[in-house]
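Heads up, the thing below is written out as structure tokens.
A, B, C and D label the chains in the order they appear, each numbered from 1.
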Amino acid sequence: MSDFTPSEMMIVSAARALAGIRTVFVGVGLPNIACNLARRTVAPDLELIYESGVYGARPARLPLSIGDPTLVTGAISVMPMADLFGLYLQGGLVEVALLGGAQIDRFGNLNTTVIGDYAAPKVRLPGSGGACEIALNARRIFIIMRLMKRAFVDKLDFYTSPGHLDGGTSRESLNVPGSGPQLVVTDKALFDFDNPEREMQITSLHVGVTLEQVREEVGREVRISESVRETAPPSEAELNLVRVELDPQGMYR
Amino acid sequence: MSDFTPSEMMIVSAARALAGIRTVFVGVGLPNIACNLARRTVAPDLELIYESGVYGARPARLPLSIGDPTLVTGAISVMPMADLFGLYLQGGLVEVALLGGAQIDRFGNLNTTVIGDYAAPKVRLPGSGGACEIALNARRIFIIMRLMKRAFVDKLDFYTSPGHLDGGTSRESLNVPGSGPQLVVTDKALFDFDNPEREMQITSLHVGVTLEQVREEVGREVRISESVRETAPPSEAELNLVRVELDPQGMYR
Amino acid sequence: MTDKRLSMREAIAEYITDGLSVAIEGFTAFICFAAGHEIIRQGRCNLTLIRMTPDLVYDQMIAAGVAHKLVFSYLGNPGVGSLHCVRRAVEKGIPAPLEIEEYSHYGMVARYSAGAMKLPFFPLRSYSGSDLPGANSRIKTVQSPYEDGETIAVVPPINPDVAIIHAQRADMLGNTQLWGLLGIQKEAAFAAKRVIVVAEQIVDESVIQADPNRTLIPGLIVDAVVHEPYGAHPSYVQGYYDRDNKFYLDWDQISRDQAGVEAWLEEWVMGVPDRAHYVAKLETETLERIKPGMAPAAPVNYGDYR
Amino acid sequence: MTDKRLSMREAIAEYITDGLSVAIEGFTAFICFAAGHEIIRQGRCNLTLIRMTPDLVYDQMIAAGVAHKLVFSYLGNPGVGSLHCVRRAVEKGIPAPLEIEEYSHYGMVARYSAGAMKLPFFPLRSYSGSDLPGANSRIKTVQSPYEDGETIAVVPPINPDVAIIHAQRADMLGNTQLWGLLGIQKEAAFAAKRVIVVAEQIVDESVIQADPNRTLIPGLIVDAVVHEPYGAHPSYVQGYYDRDNKFYLDWDQISRDQAGVEAWLEEWVMGVPDRAHYVAKLETETLERIKPGMAPAAPVNYGDYR
């Protein structure tokens, strides 16, 4: 088995989770490569949706932003953002959306707004963009972020994008279309929320990663699924696609 | 002075009333010819707006319906109806709209819905189409219809498109953008509503028409403006444009 | 990806069943008479017909007895006069009583928009001072929570069971492009539970992808693609054929009595197996008369970015 | 009809005065840096800057001190990282404190839509469970008057004093066509009290009229037309030039401290009289690097109907 980077493990894990999916709402960078890998492997009918107003992008190069002109040329449809958000996202056509954040709590709520106090922030982050409505309207949310103490927190400084809120049935009480976070892909392990409390739990540890390392990074007790297993490493085929076709310059190794 | 038909007098009168106007919401037939005459004479910057989604039509022939393909080819902009009604009409960009109806009352309210009871109509008319929102949102309404007893009634069977409602300040109480009916062009006389009661009043009698004839047709006392005058007959130039260029087949003589 | 092409007969048989709500949309243009006629041929009934302007297509379908209800905003033979069959049904219950639900044009546009955007209502500046809300209790008001506190009219979403959209071109996956009068076809398609696209031409996906801003309906929401040249006759398709105005004028006479309509339906709908035979039955003079000249769009370069 | 063409200097001098609210829109693409730089050169101040994604153009304008308030939905250097100038203003009040009013993307889209449609509010499915309404009291809710009685979020209209829209082509009357990412330029233009269109090419009205479905903004709502090739650099214009990504990366370094930004502004904004000189100052290598290949749109025939 050839060796691989933690980023490659994240890309491959996210791609595998998209098996059979028809539409994915995506950003640039690592998630974008994951979606294109899924298209070439487990989700041949997958269409990429970008908040910039693109449905069914056919990029001729690695897009450098979600508004890259290569996402427009050759796409199936390019529309005003009012249609992208109104007809596609709110219209219920987005099966999976990939999100990330500066902070995530145990219930998959995300903060991309501020560190510190909103009125006098220590760090002013980008803000919601489309994340808030994506988190509520996409049928399922997959979260992709590296496992870091400062990111996996007990309490968010700001709730930008609702996950399972306070856990249990609290999200259902919002009566929103989307079912919220289903998966968290990190560089060390995979997490899901398949328990009555809707609390993040380890389902799979990447090769060579120990529970202690994960606890260490999360900085608190972490719930563990009964069916916890080791993540199958990237296959030769998967690595080849990523390294040769999808990210030849290795921008996201 | 060459002679002319009552229709030609209506066309010319409506065209003159559009002097200096920039945008007019229009249907087909006689009003359409009036607008094109205005464009060639008193309103060179006039742009025609059709509810079918056309702004700035440049018809190469007499359009046979408001959705005629000749209104599309060569137009400045052709858009979804949501934009036509939302951005142009509701957006406040329509200076004048031309309307008509099966019934009109003394305050310029129009009925295009039913004759008789709504639930069991004697005659089922076309209905509103865009007329209801046009009557409320266009800055000014010009009404064009032939003077006929059964059309000029005391009480409408159905209020489709609000004019000055019960007169006086009753329309203002609606707090709508448009100022309502300003002019009624008929084949016998012109009417306005320039009195505190906002009641239809004769301002101009076409050549050879007597007050008695008008009263006869309206079938009731008709208010008369202090400044009532005789309508200036169509000029040679106006008649030429209508007969030679705008309606060569004389479809609307 | 799966090829979604079906014949009109297959598409109607598969997706239109008795009692459904059906929107054959297209404002004056792109009216899919081919679908309306096939629905009549297959003897569907109790349909709720939805269209801003019922036009001749619903006049014919209502005379044929396929509908029990009509949702609309303007009942007319555009540029000609009345829809006599709809009037007979509403005024005299011939061939059967017809329930109606009536809005203004913008009200229907707003209903389709709310349906497409999955909103509980859509606000619009209309109806105040009109009798329409009195005639239709679905038209309500909402108060603005902002300073003005203004009260504004709202209409509820409409989500037809099936929308049938005619277009110039589509690929076999249902990615569809229209030009000319766009009406509310986009909103109707996104609002509908099922979508049948009927196209003058089936093109390769690469043709669609060569002008992504022109794509009005993505294959994602399309269930069937029917290739049906002249499928919108006697209405028109921008750049492909003109409205057959002679027929619109003739219909004003044909439709004056139910017997005349039934004779016409017998000959032009029941009497032909499909649209191809209908087109063959049209005089070549007719097809020549409605053929437009060329007016190409100005060129556009999307740019090759690799 | 009057020719609305002005130089950028004339257009900004005429329509942008201190204290106005200004929306230079365009999502990643069509960002009119030429207008932003001219506003800086003319020393405007106390502006309320409105943009979904402030991007580098507002980062530069805020560092230059033209703004007292920012209305936005995403603060980032797209694909690169932070907007350091905006962060300095918000976190440290450098060069001056900056008031912010924050929404999500769809919230801003909805605000422009309400502004363009003259609606008192626009409903959208967002914000429930988020802290955003707590941070911005302009985000409210309305209850549906229909069966469900559902409560839905609403945002108020936004009507900028001036919108500046960059496009591929316009005629001298302001009839404007765009292709590629359409963003919310249409809604922003219709919502604004004044509109300045900046185009890569000024074309004859006949070019516009040869593809009426492509017209996004009618001259009717346009006050000034500025011909400014490369006016959107370092952002891009579909089919005309690519984003100058090298500059977006460089800016991440340049903008790390206020001094560096001021030096850059001195050289590239204050140091040039207009965009033509700015373009001349760019290396030819740069212009070559951002030149795309050809990808023509598929042909379309509107049909000649006479």
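By definition in this document, contacts are C-beta pairs under 8 Å (C-beta built on N, C-alpha and C of every residue); 3 or more make two chains touch, one makes a residue touch a chain.
Bear in mind the structure is a predicted one, so any value in this text is a computation, not a measurement.
Chemist: Touching both subunit B and subunit D: give me those chains, sorted by label.
Modeler: C
Chemist: Comparing the two chain pairs, does B-C have more C-beta contacts than A-C, or is it the other way round?
Modeler: B-C
Chemist: Compare the CA centroid of subunit D with every other chain's and tell me the farthest one.
Modeler: B
Chemist: For subunit A and subunit C, let me know how many angstrom lie between their CA-based centres, rounded off.
Modeler: So the centre of subunit A lies 40 Å away from the centre of subunit C.
Chemist: For subunit A and subunit D, what's the span in angstrom between their mean Cα positions?
Modeler: About 29 Å separates the centre of subunit A from that of subunit D.
Chemist: Rounded to a whole Å, what is the gap between the Cα centroids of subunit A and subunit B?
Modeler: Comparing mean C-alpha positions, subunit B is 58 Å from subunit A.
Chemist: Can you list the residues of subunit D that touch 2 or more other chains?
Modeler: 118-119, 124-125, 150, 180, 182, 186, 208, 210, 213, 238, 242, 292, 295, 302-306
Chemist: Got the subunit B residues that touch at least 2 other chains?
Modeler: Residues 54, 68-69, 72-74, 78-79, 86, 90, 177 of subunit B touch two or more partner chains.
Chemist: Could you classify the connectivity of these chains, where an edge means two chains touch, as line, ring, star, complete or other?
Modeler: If you draw each chain as a dot and join those that touch, the picture is no line, ring, star or complete graph.
Chemist: Looking at the whole structure, which two-chain pairs count as touching?
Modeler: A-C, A-D, B-C, B-D, C-D
Chemist: In the complex of these two chains, what residues of subunit D are touching subunit A?
Modeler: The contact residues of subunit D facing subunit A are 27-29, 52-53, 72-76, 78-79, 82, 86-87, 90-91, 102-107, 109, 113, 124-132, 135, 150, 180-184, 186-187, 236, 238, 242-243, 245, 292, 295.
Chemist: Touching residues of subunit C toward subunit A in the complex: what are they?
Modeler: Those residues of subunit C that touch subunit A are 1, 116-119, 175, 186, 190, 205, 208-210, 212-213, 215, 218-221, 302-306.
Chemist: Where on subunit A is subunit D touching in the complex?
Modeler: 28-29, 51-54, 63-69, 72-74, 78-82, 85-86, 89-90, 113, 118, 121-133, 136-137, 158-162, 165, 171, 174-177
Chemist: Which subunit B residues qualify as touching subunit D in the complex?
Modeler: For this pair, the touching residues of subunit B are 22-23, 44-45, 47, 54-56, 58, 60-61, 68-70, 72-79, 83, 86-87, 90-93, 177.
Chemist: Would you pull the subunit C residues touching subunit D in the complex into a rising list?
Modeler: 118-125, 140-146, 148, 150, 152, 154, 156, 179-180, 182, 207-208, 210-211, 213-214, 238-240, 242, 292-306
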